[in-house]
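For reference, chains read A, B and C in written order, and residue numbers begin at 1 within each chain.
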Amino acid sequence: MTAMDAYNFAYLDEETKRMIRRALLKAVAIPGYQVPFASREMPMPYGWGTGGVQVTAACLMADDVLKVIDQGADDTTNAVSIRRFFQRTADVAVTEETEAATIIQTRHRIPEAALREGQIMVFQVPIPEPLRFLEPRETETRRMHALADYGLMQVKLYEDIARHGEIATAYAYPVRVEGRYVMDPSPIPKFDNPKLNDSPALMLFGAGREQRIYALPPYTQVESLDFDDHPFVASKADHACDICGATESYLDEVITDDQGGRMFVCSDTAFCRSRQGDAA
Amino acid sequence: MNPLFTVRDLEKRYGTRIGCTDVSFDLWPGEVMGIVGESGSGKSTLLSCLAGHMPPDRGEVHFDGRDVLAMSEPERRFLARTEWAFVHQNPRDGLRMAVSAGGNVGERLMAVGARHYGDIRETATDWLGRVEIAADRIDDRPSAFSGGMQQRLQIARNLVTGPRLVFMDEPTGGLDVSVQARLLDLLRGLVRRLGLSAIIVTHDLAVVRLLADRLMVMKGGRVVETGLTDQVLDDPQHPYTQLLVSSVLQV
Amino acid sequence: MNVIELTGVSKTFTLHNQGAAVIPVMRDVSLSVAPGECVGLLGASGAGKSTLMRMLWGNYLAASGRIIIAGTDVAHAEPREILALRRDRMAYVSQFLRVVPRVPTLDVVAEPLLVTGTPDETAKAAAATLLTRLRIPERLWSLSPTTFSGGEQQRVNIARGFIRQVPVMLLDEPTASLDAANRETVLTLIEEAKARGTAIVGIFHDEAARDRVCDRMIDMARFAA
């Protein structure tokens, strides 16, 4: 007996997928708004992308081509295990090429290659509430969203500048969606924030532990919060990739020895490899 | 000139028990009114109803001609962070303890759309100065402040958007006597310079003697006496007020 | 045209917590004071001199009658009307100084001017002039008067009362506990106020002072209840 026979397609039963799809539809209808959903136990621990996996499971069709990345890489533990999970439970085609994928589940990055219409990005979200660190009460944060009462979000950025001289928030940088809801873009580096704006792809966000789903439909206006005199900057390490030489991609700093040796390499491994192929 | 704040026949009940009832008054621009009475007299319930923290069961509340009770929640919230202010007895209830002093003062500005860091900081520094907090404490959190400083910070945070009506709930309640005097002097100066209208709830007659133009004395949820502050304190007419005034220890 | 006009004024105290005892203090008080006139109140201790002064100031409530001062009926006015009267048209030098602790003497004296919108500089200059005239040493100006001697506090109180030029003044024993030089200064201040047209009601135990500044005396025994 194969895994395909033992489980329903993509692991979740059809009723659960229906429930998640309804939440997704609502999320698409109200961009940036956090929709509660009945998150299920998944065969992996919280923090391993249970929210993203449920969203992917609810979207996945037999002819989809799946790409899974973690911190930009296709070959890290989290990415590999989730990719295998769907290979076994849905028997879908997988790829490491951004252009070839129809669904891309990601933790902490948006690929460097431009996304296109028809693609779905699925983000794994640990804490969906951008106001949470400043306002612990859920009743209050909900009311703040309802009334677009977002002074507090700006306070967080103020505190950053007061403490560090600049907006030091480097990832999970808050955005305002269509001038309405303030949203946590998941812990992607702020370098990726501009890619959320006006994207041709559908962006879906799933938080398993917190039981929230939210979304950005294609071509949604997404603006990073900032101050007039401290404008948002999509910063990255001021280097070129030591492997492919790219200057426009987001870089990881890699420590190479105990003598302080280090190198900067593309965080997006598929992007880096494609450039090496071009060069070769 | 018209009254700034008009209250008519306000009533709040907790089941069959009266929170406050039959309360009516007009507050004029620049006027400071004290509400005094012992615990359970209904003064805190009244303040909550006036400030929109609790819906009354009956009555009318108008601010600057606008029907406060008919306002939507967003309208009332906007009012609460622009033209109104609320100073809590415990500064922890009115401050964000995890946010710096500057962030605390700046929040109301940012909530109404301020987006220039330098301007926000400059305004915050100015307000810290006005409440006698040194400018170099701007990035410290309130948890590093003394009780009196916390209370002054709360006042700065509230007044930064230039409100016209300030509600105060026992503003000097938790403070040492020496610190109280300084805070009262500060509040008196601010109220006078900014032409604020204020409603101060307290059981401390010395506080209203210094701050309030007029008094409302409450007992059992009802107003038993009103009048000019020194008239009510020096020549009280109602038995309860006479008892209240004569119970104060003279020093 | 009288600037102070009392008709049919009476006063009783009801002590609710002492068996609701009713103490009549005065009845049928009628009194007129013209601009520039100074009227002294006479009577034994307990005759109601201070009570009448407080009724004029508005902190004692009249049981009946009308107390019209510079256009405001103090017996029936709203608190804000009485406060406006005190702010713009009436000053009171009481026997006791009541101030916020820690406020410097100069600010205490300048305050009545500041609340009428006088610029800080002008108000403080006027306060300094009066404190100098009343011989309060400059080194004390930055201190709170709460720690001063009785005579010094009295002079701070007088300075505070005379810093504005108002149509009506109430003076409760303004020369008590003052030395000869300061007594002379206060009497001169009173004469200057009268010359400006200020109507004054006062209590003077100091007979010589009374003879010098009062145009008329009213015996409170006339109003005994």
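Everything that follows uses one rule, which is that a residue touches a chain if its C-beta (ideal position, glycine included) is under 8 Å from a C-beta of that chain, and two chains touch if they have at least 3 such contacts.
Since the model is a prediction, treat every value here as computed from it, not as a measurement.
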Required steps from chain A to chain C (each step between touching chains, minimum): 2
Min distance from chain CA centroid to global CA centroid: chain B
What is the chain whose Cα centre is as far as it gets from that of chain B? A
Once you find the CA centre of chain A and the CA centre of chain C, what distance in Å lies between them? 76
When the C-alpha atoms of chain B and chain C are each averaged to a single point, how far apart are the two points in Å? 32
Centroid from C-alpha atoms only, then distance chain A to chain B, rounded to Å. What do you get? 46
Please name which positions on chain A make contact with chain B in the complex. 134, 143, 147-152, 154-155, 158-159, 161-163, 226-230
Contact footprint of chain B on chain C as seen in their complex: 13-17, 54, 58-61, 79-80, 82-83, 100-103, 114-115
Chain A-facing residues of chain B, complex: 73-74, 77, 81, 96, 98-100, 102-103, 106-112, 114-118, 120-121, 138-139
Along chain B, where are the residues that touch chain C in the complex? 28, 31, 181-182, 184-185, 188, 192, 210, 213-214, 227-231, 234-235, 237-239, 242-243, 246
